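In what follows, structures are represented as structure tokens.
In what comes next, chain A is part of two complexes: it sits with chain B in the first one and with chain C in the second one.
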Partner chain A sequence: MAFSGADLVRAAALLGAGISMGFGAIGPGVGEGFAAGKACEAIGRNPKEAGLLTRTMLVGQAVSESTGIYSLVVALLLIFVV
Partner chain B sequence: MEDLTYVPHWVLNVGNYKITLNSVTLLTTWGIMAVLVVFSLMLAKRIRTVPGGWQTISEVLIDGFYGMVIDALGPEIGPKYFPMICIMFIFLVLCNWIGILPYMSEPTKDINTPLGLGIMGFFIAHGTAIKVKGIKQYVKEYFQPIFFMMPLNVVGEIAKVISISFRLFGNIMGGSIIILVVSHLVYQLILPPFLYGFFGLFVGTVQAFVFTMLTMVYISVQIR
Partner chain C sequence: MDISLYAKVAAFLGAGMAMGFGAIGSGIGEGYAAKKACEGMGRQPSVADELLRTMLVGQAVAESTGIYSLVIALLLLFYDFSNVRFIQIPAFFSAGLCMGLGAMGPGVGEGFAAGKACEAIARNPETAPIVIRTMLVGQAVAESTGIYSLVVALLLIFVI
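Presenting the complex of A and B:
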């Protein structure tokens, strides 16, 4: 049972993709949950502004999601390109 | 799994150079542009005082966007940039939605489309800054806190282009890959329509909105 260099590189790339996605998902998860919680508090205080608050929350979440998306791009590069 | 990231392309040989054109992206983009132009012409031909269905929808959309653009860019240069920003949003929404049709793929799934739009926004923002503030003030802002912060400021400006375009590309690409994988897992039963609804319609709309808003914010940051 002999491993060649290419196998090792492939294994390392797949492992790296998994690690990248796993750690990269922590930040956006915490951040988006925090944003949603704050939006819920704000809607509880001021239910009339629910539409505006929801829209702002969605845009903010989509922006804070971007670090997770970067890790997704890195993972895809590792899987399909390396 | 290899065909997930495959982009169909034509290769043209011009002299010694090879020119690669991403055929499906090009055709879809031009198709969407043609649809938008024809639709706008037909709509503009019959504008009435008592609006019909399509006119009401476009008026609501344009009204909402106009308010936001004026808020962000100010009443002087806001109206000048409003058509570009509004059509960018409509174009991106159509680009992201077209993936829900069978045999169609989103042009935004190809990195070249978001990167091109991001670079366009970059040049528009900096061109506006030079026009509004003058070249001297513009260059001076790069040396703002202390003079050796200049490389950091330059890198920060370039990173904006990368971040804005990779955000759109990653969202659409990741969504379509998740749709493919999950549809394959459940043998195309029950789940795929909901996935298309979420990743195609909802995420597509939100990401198009975010892209447009960020382009606008970058312009407005540059002119202050």
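Presenting the complex of A and C:
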């Protein structure tokens, strides 16, 4: 099996892409689910504030999502640009 | 030693990691949903049907990332290795790692949302429709990182 140094760099970049997106997806998944769960709990306790709670949940989840999107961008850069 | 042998080694390791890690999150999350549904039924047996339905819907959503992992693992296991290139060796391994780890977070988070929805319905059964809607919206957002992982894994298997 013959491969050059450039092949090795590309191999490392592809491995890095998988690690980046894999670990990067853990945090937002847990955090956004936690926000959704607590929003459900609060709406069950106080249904009149459902609109406010849903809006707050979505804003919080959007912020929490940002690191997942960074991971996606880095993974795509490692696959297609490096 | 030819490349297809190394590609098989990498793909089978990747398949194992995809399904192994991917099962952790869904398992924890669905177990939490079941726990909260049982607690709610113990507190309010009259809403047991509603709780069972909510629990199953929430668990079905939490299961989805586990199913993505299974799909990636099967794709890696049954890939046609007859003319692979060197660069596909790390790509197979990386695809399994990406989908396996990426399935953990959404599985746990969506299961947590399902559990809390069951808790809220047991406490205040007339809020069930709005709680279930909020649960599904929240789970859809939490699912997004799992879908990113699936997309990256598919790119690594079929586009590289």
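The definition used in the following text is that the second predicted complex is superposed on the first by the 82 of 82 C-alpha atoms of A that agree within 3 Å, B and C clash if a C-alpha of one lies under 4 Å from a C-alpha of the other, contacts with A are read in each partner's own complex, and residues count from 1 in each chain.
In this text, contacts are C-beta pairs under 8 Å (C-beta built on N, C-alpha and C of every residue); 3 or more make two chains touch, one makes a residue touch a chain.
Every value quoted in this text rests on a predicted model; they were computed, and no experiment measured them.
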item: Clash or fit (per the criteria above) of chain B with chain C on chain A; value: fit
item: Touch count on chain A, higher of chain B and chain C; value: C
item: Touching partner for A:Tyr70 - first (chain B), second (chain C), both, neither; value: first
item: Chain B versus chain C as contact partner of A:Met57, first or second or both or neither; value: second
item: Touching partner for A:Lys38 - first (chain B), second (chain C), both, neither; value: second
item: Which superposed partner A:Gly18 touches (first chain B, second chain C, both, neither); value: second
item: Cα-centre angle that chain B and chain C span when viewed from chain A, reported as a multiple of 10 degrees; value: 140
item: Where chain B and chain C come nearest after superposition, their Cα distance in Å; value: 6
item: Set of chain A residues, in rising order, touched by both chain B and chain C; value: 58, 62, 65, 69, 72, 76
item: Sites on chain C touched by chain A in the complex; value: 1-3, 6, 21, 25, 29, 65, 86-87, 89-91, 93-117, 119-121, 123-124, 126-127, 130-131, 134-135, 137-139, 141-142, 144-146, 148-149, 151-153, 155-156, 159-160
item: Touching residues (chain side chain A, partner chain B) in the complex; value: 58-59, 62-63, 65-66, 69-70, 72-73, 76, 80
item: Of all residues in chain A, those that touch chain C in their complex; value: 1, 3, 7, 10-12, 14-19, 21-41, 43-45, 47, 50, 53-54, 57-58, 61-62, 65, 68-69, 71-72, 75-76, 79
item: Chain B residues touching chain A - in the complex, by the definition given at the top; value: 1-2, 4-5, 163, 166-167, 169-171, 173-174, 177, 206-207, 209-210, 213-214
